[in-house]
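Listed next: structures, encoded as structure tokens.
Okay, so chain A shows up in both of these, paired with chain B first and chain C after.
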Partner chain A sequence: MSDILWALFHVCVFPGGLFALGFALFLKGLDRRIVARFQRRVGPPLIQPLLDIAKLLTKETLIPRTACKSMFMMAPVIGMTGMAACAAFIPVPGVFDGMYMMGDLLVLFYLLPVPAIAIMLGGSASSSPFGAIGFSREMLIMLSYELPLLMILLTVAMITGKATGIGTADFSLLNIVQYQIHHGQFGLNPLMIPAFIAYLMFLPGTMGVPPFDIAEAETEILEGPMLEYGGPLLALFQIGTAFKTFVVLSLGVIMFFPGCLGDFWLVNLFWFMAKCLILMFFSISLLRAVTGRLRIDQAMMFYFKIPAVLAFISLVLVMIV
Partner chain B sequence: MSLDTLLKKASVRSPWLFRINAGSCNGCDVELATTALIPRYDVERLGCHYTGSPRQADIVLVTGPVTVHMRDYVLRVWNEIPEPKVTVAVGICPISGGVFRDSYSIAGPLSRLVPVDVNVPGCPPRPQAIMEAVVLARSIWLKKLGLEG
Partner chain C sequence: MAIEQKAGSTFNIPLGPVHVALEEPVYFDLQVEGEIIRGTTLHSGHVHRGMENLAQHRNLIMNQTLTERVCSLCSNSHAFTYAMVVENALGIKVPERAHYLRTLTEEIKRVASHLFTLAIQAHLCGFESLFMHTMEIREIMQDVKESLYGNRMNLAFNCIGGTKFDLDQECFDFLEQSLEKFMPQFREVLDIFETDPLICARIQGTGILPKEEAIRLGVVGPVARGSGLNIDVRKETPYAAYGKVDFDIVTRDGCDLYARTCVRLHEVLESVKIIKQVIRDIPEGETRVHMTHIFPSQAVARSEAPRGEVIYYIRTNSTEIPERLKWRVPSYMNWEALGVMLRNAKVADAALITNTIDPCVSCTER
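Then we have the complex of A and B:
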């Protein structure tokens, strides 16, 4: 009984649920502010993402007459719940060990594409031609960043498995974190640096920020799959995106830099949040402020040429050494 | 304060803008799209955000004298914007027709077609005037939600 209650606590309060949502919305507000400062503007207030969600909840819901109504309403719910469940699996080094001890990295890998699939479902159910274009673009970009992501996760699992003596890959996030705390972080290991760079390149693609905001290009295909969404349904999509921000940033931190500062849990928690923030600054905000948008074929070629090759180099190095 | 009031008060701090070009010469559009966003004026600090989709818009900014050809499209897009919405006429053309007022090809002014909440005269209006219009539109929006501005 208490197991179920603890699992509910992890999904709803910490590290998933309220904590993930609050932290991710704060990160997003900070991101908008940082980008504004890069462009020498003042920028919106820090709580702007929260205000946006509050606003969307007060608007009326419009559903196109030609849309597939049930799927149109379901898509944002699928995206949000998928990511909310995902956030509960994230171990926070020095604070929380994660919900399950076996193979949770694999579960994360299977759950990570859920928001992209929700966007595709919503776009195709909206019956808008822009939604259809967005659908195909979202699918292409997803196919191109999944390959490097799989190789990065495999590399991390492999090096942990070899070092802890299992021999094969070890897909337990807790073991990955524990090993790095005792034997040095992967981000500082020369074998793993190509994989880390590949992960930095994966982040903007999966978050759909420039130069990879191809599926939702608002100046080109009018937000694509999001075109027909407004009101509470769009708010659900935004909440799902916020959970996803938390998941991918903290996955990067626990795979490459999970080090702790001392034993006190509050210090470790803030240290973890600071590392997420630094990761976001370099891979999302800085990139978003200085780049334009690529074409879909350029983005695909980029993902197959650079991050895939970097991740493959790491994988081979880890298998040989 | 109830949760409902709190939501409504928070919501007016996040006005998403949508532009309709109803046959404008592009002068007002340039003022809206670029000048109001540059570092000196920065409309984003009011929480504004230009959306590409009318379904996500709260404040609709109409430029141009509404030509006969554009009338149906303007009405169609305007009807796609969810309530509560605030309509702002930017530039002298949608307000009175401007220099085009006696033309055979004009279906405007805008107030003949849809209820206009804020007028921003000028050819083109100054960026400060556009931003003041957005602030005014926020208080009108609050009134539409049933709260005092």
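Then we have the complex of A and C:
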């Protein structure tokens, strides 16, 4: 019984649920402030993303007459719940060990594309031509970044698996964290540096920020799949995106820099949050401030040429050494 | 069978009439196959204001105000060319100082207009920081306009027979200071536009308008000059003080978006060169002569607006109301080129390509 209660706590309060949502919205607010400073603007208040969602929730839901109604309503729910479940698997080093599963990294890998799939479903259900274009673009960009991601996760699992002697690969996030705490962080391991760079390149693609904001390009296809969404449904999409921000940034931290500062859980928690923030600054904010948008074909070529090759190099190095 | 399948795989995407990528309402119906545009249909007429008819119900002086409102970004070019066409028809000799002042005004407007287009181009590429940066630099020129003429967009500076008021040395000093502040910042932006790999990846090789097509369609302004055509009214038939200042026509042979971007960027440099010469060489004297009498006559005037050649035609009778006032704007000539540029382009580039002719819907439909 208490197991179930604990599981609920992890899904709804920490690290998933409230904590993940609050932290991700704070990160988003900070991201907007940082980019505004780069552009010599003041930027919105830090609380703005939360206010946006609160406002959207009070608005009316409009569904296009030609849309497939059930799918149109389900898509944001699928995206949001998929990511909310993901967030509960994230171990916070020194604070929380994750939900003890053998293959939670694999579960994450399967759940990570869920928001993208939700966007595709919503876009195609909206019956808007912009949604259709957004659908095909989202699918192409997803197919391009999933390959490097798979190789990165495999590399991390293999280096842990080799060391802990479980076998060829260890997909337990807890073991990955424990191994790094005792044997040095992967981000400082020369074998893993290409994989880390590839992960940095994966982040803007999966978060849909420039130069990879192709599926929702406002000036080309008017937000594409998001065009017909408004009110609470759009708010659900934004909550889903917030969870996703938390999941992908935390995954980056726990795979490459999970180190702790001491034994006190509060210090470790803040240290973890600070690392997420630094990761976001380099892979999302800075990139958003200094780049324009690529075309979908250019983005695909980029992912197949650079992150995929970098991740492959790490994979091969880890297999050989 | 294959053809049927193909027909089934195309669908229509509306670009406009209200679209974030367009500043003004115009409606493109794009027939799209996947991400490739196979055909374009243009529907216009959303902002028709009946201006030519209005002009035939107002007297010559009132029309000065009307023509200024044809367009916003090249408002000065319309008022300027209108003043010239009336002067040509009625044989008014404009004082030399007014010629220089008009040249100065036109070039300040050109810098602001080109920077606006370039900023929008950055925005369409999704490069928000560059958009902000370019608009911030443009703000220097807007400040100049506000300080010198009292207005940021419609300057209301030209009038029949010269200019409405004179600019004193204090104005020129301020202008020179502003240019000193402007140039280093502009060179920075120029460098980004010309060399930034992400911008170049988007604009190099897209929106191609071959030289032969450019000649066939009779395109004007930076669109023509980006396709290697060496045309510029300022050089061909110098008006105002353009015959007395030294500047070059900027041309590029690339025929793509990149070439047109470069043309605009370097034209800003040429404009600054002209402004500096005008400040140096401007003679003293009157700035306006008065219109004494109106007689039946007709005339044409041409000028180079930021978007290309503007032509005004007027026919007067003995009354103060013109019998006919007709003008042709650059965007009208450049519209047709969109058909060529958009053919087989990617949907992603449609907005960028539309922006490259710097479309001015309000003056085309007037």
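Throughout what follows, the second predicted complex is superposed on the first by the 321 of 321 C-alpha atoms of A that agree within 3 Å, B and C clash if a C-alpha of one lies under 4 Å from a C-alpha of the other, contacts with A are read in each partner's own complex, and residues count from 1 in each chain.
FYI, a residue touches a chain if its C-beta (ideal position, glycine included) is under 8 Å from a C-beta of that chain, and two chains touch if they have at least 3 such contacts.
All of these numbers come straight from a predicted model, not from anything done at the bench.
Enquirer: Quick check for you: in the superposed arrangement, does A:Val42 touch first (chain B), second (chain C), both or neither?
Expert: The answer is first: A:Val42 touches chain B but not chain C.
Enquirer: A:Ala54 in the overlay: touching chain B, chain C, both, or neither? Say first, second, both or neither.
Expert: first
Enquirer: Go through the superposed model and pick first if A:Leu62 touches only chain B, second if only chain C, both, or neither.
Expert: first
Enquirer: Does the superposition put A:Leu234 against chain B (first), chain C (second), both, or neither?
Expert: After superposition on chain A, A:Leu234 lies in contact with chain B alone.
Enquirer: Between chain B (first) and chain C (second), which does A:Asp104 come into contact with in this model arrangement: first, second, both, or neither?
Expert: Neither: A:Asp104 stays clear of chain B and chain C.
Enquirer: Just to be sure I read the superposition right, which of the two partners does A:Arg295 touch: chain B = first, chain C = second, or both, or neither?
Expert: Second partner only, chain C.
Enquirer: Now for A:Leu222: first (chain B), second (chain C), both, or neither, which partner does it touch?
Expert: both
Enquirer: Have a look at where A:Asp31 lands relative to chain B and chain C in the superposition and call it first, second, both or neither.
Expert: A:Asp31: touches no partner chain.
Enquirer: Can you list the residues of chain A that meet both chain B and chain C?
Expert: Dual-contact residues (chain A): 39-41, 218-219, 222.
Enquirer: Can you list the residues on chain A that touch chain C in the complex?
Expert: Going through chain A, the ones touching chain C are 35, 38-41, 129-130, 132-133, 136-137, 210-211, 213-214, 217-222, 288-298.
Enquirer: With touch defined as at the start, can you tell me which chain C residues reach chain A in the complex?
Expert: Contacts found on chain C: 11-14, 19-21, 32, 34-35, 122-130, 132-133, 136, 196, 198-199, 201-202, 346-351.
Enquirer: Please give the residue numbers of chain B that touch chain A in the complex, ascending.
Expert: Against chain A, chain B makes touches at 6-8, 10-14, 16, 37-39, 42, 44-47, 49-53, 55-56, 58, 80, 82-84, 145.
Enquirer: Mind listing the chain A positions that touch chain B in their complex?
Expert: 32, 36, 39-45, 48, 50-52, 54-55, 57-62, 218-219, 222-223, 226-231, 234
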